[in-house]
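Per-chain numbering from 1; labels A, B, C, D and E assigned in written order.
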Amino acid sequence: MQVENTEFRPKIVAFCCNWCSYAGADLAGSSRLAYPADVKIIRVPCSCRVNPMFILRAFQRGADGVILCGCHPGDCHYTTGNYYARRRMTLLFSMLDYLGVENGRTRVEWVSAAEGVKFSTTMNEFVAKIHELGENVRLEDLRCKG
Amino acid sequence: MQGLIERAKELLADGTVAQVLGWRKGDMGYDPEPAYFKSEEELKDFVYDAFCGANLSKYMIEAAKLEGKTLVFLKPCDTYSFNQLIKEHRVDRDKTYIIGVGCQGTLKPEKIREAGIKGIETVTIDGDTLKFDTIYGAKEMPFADALLERCKVCKGKKHMVYDELIGAAEDEEAGPVGNRFEEVEKLEAMSPEERFAFWQEQLSKCIRCNACRNVCPACSCRKCVFDSNQYDTSQKANAATFEEQMFHIIRAFHVAGRCTDCGECSRVCPQGIPLHLLNRKFIKDIDSFYGEYQAGADTDSRGPLTNFTFEDVEPSIVQTRGGGH
Amino acid sequence: MQRIGVFVCHCGTNIAATVDVKRVVEAAAKEPGVVHAEDYQYMCSEAGQLKIREAIEQKHLTGIVVCSCSPRMHENTFRQAAKRAGINPYMVEIANIREHCSWIHKDIEEATEKAVILARAAIAKVMLNAPLTPGTSQVVKRALVIGGGIAGIQTALDIADAGYEVDIVEKTPSIGGRMSQLDKTFPTLDCSACILTPKMVEAAAHEKITIYTYSEVEKVSGFVGDFHVDIRKKARSVDMSKCTGCGVCQEKCPSRKTPNEFNRGLNTRSAIYTPFAQAIPNVPVIDREHCTKFKTGKCGVCAKVCQAGAIDYDQQDEIITVDYGAIVVATGFDTIKLDKYDEYAYNQSPDVITSLELERIMNAAGPTKGHLERMSDHKPPKSMVFIQCVGSRCADKRGKSYCSKICCMYTAKHAMLIRDKYPDVDVTVFYIDVRTPGKNFDEFYRRAVEEYGVHYIKGQVGKVAPQGDKLLVQAADLLDNKQIRMETDMVVLATAIEPNPDVRKIATMLTASIDTNNFLTESHAKLRPVESPTAGIFLSGVCQGPKDIPETVAQAGAAAVKVVGLLAKDHLVTNPCTAKADPIFCNGCSTCEKVCPYGAISYEDQLVNDHGIRETRRVAVVNSALCQGCGACTVACPSGAMDLQGFSNRQILAEVDAICR
Amino acid sequence: MQKVDMAKADRLREMSGVNTRKCMKCGKCSASCPAYEEMDIRPHQFVSYVESGDIEPLLESKSIWKCLSCFACVERCPRDVKPAKLIEAVRQMVVRQRGGNYLSPNEVPELLNEELPQQLLASAFRKYSK
Amino acid sequence: MVYSYYPGCTLKNKAQDLDRYARMSAEALGFTLQEIEEWQCCGAVYPLASDEIATKLSAVRALNDAKEKGQDLVTLCSACHHVIKRVNDDMQNVEDIRTRANNYLKLEEPYEGETKVLHYLEVLRDRVGFDTIKEKVTHPLTGRKIGAYYGCMLLRPSSIMAFDEPENPTIMEDFIRALGAEPVVYPYRNECCGGYVSLKDKPLAGTMVDRVMESAVCHGAEELITACPLCLYNLRNSGSAKKVPVTYLTEILAEALGLLPEKEAEGGAEHAEG
């Protein structure tokens, strides 16, 4: 199938913690639970490794959505990492919203290693949301396009 | 003011302190600047009035490396910054002698200019009135009209840390004045498009002079992450808007939970960008999500970003609460 | 300058059917820094690894990218291959083009495009990799087993027999667990107690095994090789060193109204009690909630009658802290609550019972001394109905989504035993499917039908209605396509099993992953079934998934072997992907220390040469033996001084850039 | 030879919101059904008939006039299949077809008696006719 | 406390007692049922098919009326309660139905399921409290063995009706106990009585009523109460098994509260009417 040029193909970066969500994505894979190829996963040891800088950089480079997945609160492999991530992301997302960036472009979802189905549905939902929002123009750095 | 100079002289004379950090008269009467005073002689240029807006806390990082103790004059809101720096091990309390000075609000010279008063030779503060001798003759304006934005919502007249107080307000316990989140709330009530347009306009004015960074007592890194080669962010030309957004978002994020809301960033911005509105947004969110927190009110509590509770709100609250509340 | 080799795996057709591997190779070869790119059928095979080795040696590669299955699968394989070829094993990155690409996409164009991007991201990352050297950490030569059922006992015995110290923590007053409540076991019909009791005795007598009953794990810290565990020894109110186990206290105890947990509440017990005759230790506990002495202060009969003077009303809970190298979870299961299934009238009639209750009724030491009788009028039943899958295989909120696995077999066992002992009792089993995989299992079920005349009817029961002294069962016979409305005397519900509810608390303490059904997650569903993804935590028995006794014992042994394998090591190689502070950038502000879960960050005054300025500064120092590499500190650090080796800021940004390119 | 009508099957699934694939054929719906004996096609069969596209017998079945929509099958189904909704959809399909009404106003007078509550007529018309 | 009240067609006609006793008792217990103006018949059965909108509108109108008054909406007839609660759930949770219903109705402010729908029994249990009722009983029904007949519509589907445990409900038993009588629990109290098939299919309705009656009698019930006029009609008129008298739950409530002087005269012995 030739993808039409006019069709919007979002760029979506998914940061997944190694212990739960990356494994959840693996399970989605081995269970053949499809989600759009627009999603590209970056493996991080823990959701608390994700620096707001990474997220802004992704947007700067033309990402249309960024999602962070980690272990469920209480189940962090490092005990407390996702609690810090939760605070950081809450504040960051609120700030982006305050700056007028569409608040559906960022999301945090807790996905355990056993939740392949949840991983897949989350990604499908998120990609649908990004389709709804269209291309990211507010955060993109035009110089980086090309 | 004379009392301050006298006391400074005494402390220099009896060897309690080796130098004094205060404000030196400028050329115009409304442009004093931070300065060290090593002797009685130098102290004749010392000044303290409503134009001494500069927060001296951050200078104490360097002062900690000097020989001997340093006497520093801190206004009530400056003491929050100093406390925060103690918490972060950046200043040396043992090498500091703090005189807490009273403050009736500090002024913004631009407002005087905007009021059409130019060619100023001297300024005197007479109660609620500012009196000017200008080359065009005597002029005056209400004191309140020249106040810095930050001082209109003063967070209180109490000093958080000091060795002695001189000229402190009698109503020390009086609480904050005004609602400091009013402007933030106004922005929050706008549509995302309006907010985006607002910030686009504001942040595009940025010339990356780094004045905000240099003055900010929380932005006290020895070497800024934006000067690091790790992030490929170091000192770029301002060819597109994102760089500024990124810089200011990250800057605000890095001081979130540490910013005392001293307002120095907006005071020094040559482009008049209301940078404090970024910091205050974080403060407002922190207060509403995690409970009231005032950075610098103490020296040992955990900041909101180095703390958590099991029941913290989920990031999705940003979507579900709707609007920008 | 890095010289990178890229190796694209077909994984047979797993990848190659959806991803055009040749195009991935071509695209990768064009990336800056890449000096070699090739594809192969199975990169993980001996031949595939040899290709990697040859390329490293011939092209003088400094780093490699393998585009293959998940790094959770073969990262280590390829690291070892790189190491054998003479480059640092941490100069390897994996692009996951199977689980995250070929398996979830159908369109070749799309999947290939994505695979190329994933490869680029991995190449961008590996360009910034630096050789890393793992450190080592100590191994405490002692294991903890949480749960004293057959799984825990077997694991403990196997570890102890290998020569290592092992502690069992059991929250009830005795070890033995669910198996001690069973009457007979399938498919051989051995008496459960007869085969369990010797194991219990062996465990209690083993010089390497310490048993803490009536105790619970309170807090766990540390990590693989060196866990620190707080164990709460609940106050037994009986001095274990003095008690002779004579049982007089239990006989004389005047408060006898407490539901007997061991008999599933079918009868009552005294407030001071040992759960069952063969209990180990044979020392009673006082149930303070139900004891008159503790409730009103008046009584003290047990203390009066105890000749050994063992009763101690003032005993307090005691907390001990013990270090362990490995921890095994063997917390077992319980049956689900049936409150939401009252169409079966469990709460409306005492003659509707669960299978576990039937075990107690059939047991000679049970509430009816082994006589099969109805709990309502103690008359022997003439007809019995067994209902399968009660709460199992449910998609609704009432039950469990999974098959409880053991019910088909124990129901066949019950039906057979009843028909054997009471041939005049008519037994009907309503089933959805009869699932009997296992050695001699289907034969066993067929014997129940063929030799013992148990009626098996395919169709679920819709309602059980008490009617007079009978139970009216309304069911469907799907094969005859008719509705059955039959009267019976007793109904036995094959109730779904679920992990012990406490396990969630324990999993949280251990940071072990747990699924939505509260089963602990294994590290790999097929290849690492007894290990939790959290290093040093092992799984034994039903806490991992429904199992019968032989499977539980087999898994218990497997878990023990894994533990022994760990404890046999003098040192553990630690993860070299630890945090590291750059003293030039560090402010010494102590922010990072506050978010470190391991206390791995300290501060020291260091002489720093900052571009010619030499001064002493307070800077952060990471203890790499303690650091587990989560990265919380790296984000807390405002100056970016703190970075994580193997997942550095620059590496992650390079991946972001490559993906967004 | 059975006539397969997948279009109608899809329409029934859509109207009812029932996913027939969720059925594990345990028969609890039929076990629970109080009108079972009066039915020619049984509740569990409705699910498998729709799944296989065998719609014609359902449209002709008298079961659709016997189902009480008492929801016992829905409440007790372990797979959340909701057979009653499927039967209702078949009934709707029939009454929406011309002449598919099972009750006509002409019949009513002779069915009436003094105590008969209004809601009985209202519900019967809802269930039996367009 | 004032509640919006939706009586429904039958209570205005054949089941006037049910309505009258309910209002009398409400006043005695300190709450008022304010009948909503111009209510229309709810349709008596909930339209199950996902594409039916028009048949749900009368329920939405009633719900919106209560919303505008800022009151909870109380119903008494099981069928009305069933229909209105389920339509309300649709209006809350099914976007398609919500949008289309609002498009039809063109209300000033769209209705999105804001109204809380309560069955009269729920008001008694959750707002008045059975303990309070017990205190206000002047003529306790001591010695009477009363079986509650729930039927299907109050309880199912339980996820939406959220009325009581669907397989072992207790609300009516608690109610009976509060009035001083002895509740009789029997397993068929939540099985369908035959409802609308009693119009054209008497034998089927008869079988089902007989099962209910047999079960009730077997467990010792000497009379039954119900909330539904159709159940009442059907239980009285269908089937051939031995019967016990059936009354509305509001009747025994009014009786226990001493609001039925005529009953007192009769000594409370005779309840059956049909």
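The rule we apply is simple: a contact is a pair of C-beta atoms (placed from the backbone, for glycine too) under 8 Å apart; a residue touches a chain by one contact, two chains touch by 3 or more.
Chain labels with UniProt names: A = Hydrogenase iron-sulfur subunit; B, D = 4Fe-4S dicluster domain-containing protein.
As the structure is a prediction and not an experimental result, all values here were calculated from the model.
A.B. asks: Which chains, if any, touch chain A and chain D both?
C.D. replies: Of all the chains present, those in contact with both chain A and chain D are C.
A.B. asks: Looking at C-alpha means, what's the farthest chain from chain A?
C.D. replies: Using the mean of the C-alpha atoms as each chain's centre, the farthest one from chain A is E.
A.B. asks: Relative to chain D, which chain's C-alpha centre is the most remote?
C.D. replies: B
A.B. asks: Write down the chain pair with more C-beta contact pairs when B-C is set against A-C.
C.D. replies: A-C
A.B. asks: Can you give the whole-Å distance between the Cα centres of chain A and chain B?
C.D. replies: Chain A and chain B have C-alpha centres separated by 36 Å.
A.B. asks: What is the distance in Å between the mean C-alpha positions of chain C and chain E?
C.D. replies: The mean C-alpha positions of chain C and chain E differ by 49 Å.
A.B. asks: Round to the nearest whole Å and give the separation of the Cα centres of chain C and chain D.
C.D. replies: It comes to 46 Å between the two C-alpha centres.
A.B. asks: Do you know which chain D residues sit against two or more other chains?
C.D. replies: In chain D, residues 37, 72 touch at least two other chains, as defined above.
A.B. asks: Counting only residues that touch at least 2 other chains, which ones in chain A make the list?
C.D. replies: Only 52-53, 57, 74, 80, 84, 88 qualify.
A.B. asks: Give me the residue numbers in chain B that touch at least two other chains, ranges are fine.
C.D. replies: If we look for residues of chain B contacting two or more partner chains, we find 225, 231, 305-307.
A.B. asks: Check the chains against each other and report every pair that touches.
C.D. replies: A-B, A-C, B-C, C-D, C-E, D-E
A.B. asks: Over in the complex, which chain A residues touch chain C? Could you list them?
C.D. replies: 1-3, 11, 13, 18-20, 22-23, 25-26, 28-30, 32-35, 37, 40-46, 48-54, 57-58, 61-63, 71, 74-81, 84, 88, 112-115, 120, 144
A.B. asks: Spell out the residues on chain B that touch chain C in their complex, using ranges where they run on.
C.D. replies: Per the touch definition, chain B meets chain C at residues 65, 87-90, 220-225, 228, 230-232, 254-255, 302-303, 305-307.
A.B. asks: Taking the touch rule as given, give the residues of chain C at its contact with chain A in the complex, in rising order.
C.D. replies: It is residues 70-73, 96, 98-101, 103-107, 109-111, 113-114, 117-118, 121, 507-508, 511, 513-516, 521, 533-534, 577, 595, 597, 628-632, 634-636, 644, 647, 649, 652-653, 655-657, 659-661 of chain C that touch chain A.
A.B. asks: Which residues, counting only chain D, touch chain E once they are in their complex?
C.D. replies: 14-17, 34-35, 37-38, 65-66, 68-72, 74-75, 84-85, 88-89, 92, 102-103, 111, 113, 115-124, 126-128
A.B. asks: With touch defined as at the start, can you tell me which chain B residues reach chain A in the complex?
C.D. replies: 184, 187-188, 192-200, 225, 231, 233, 239-243, 245-246, 249-250, 252-253, 256, 278, 281-282, 285-286, 289-290, 304-310, 312-319, 324
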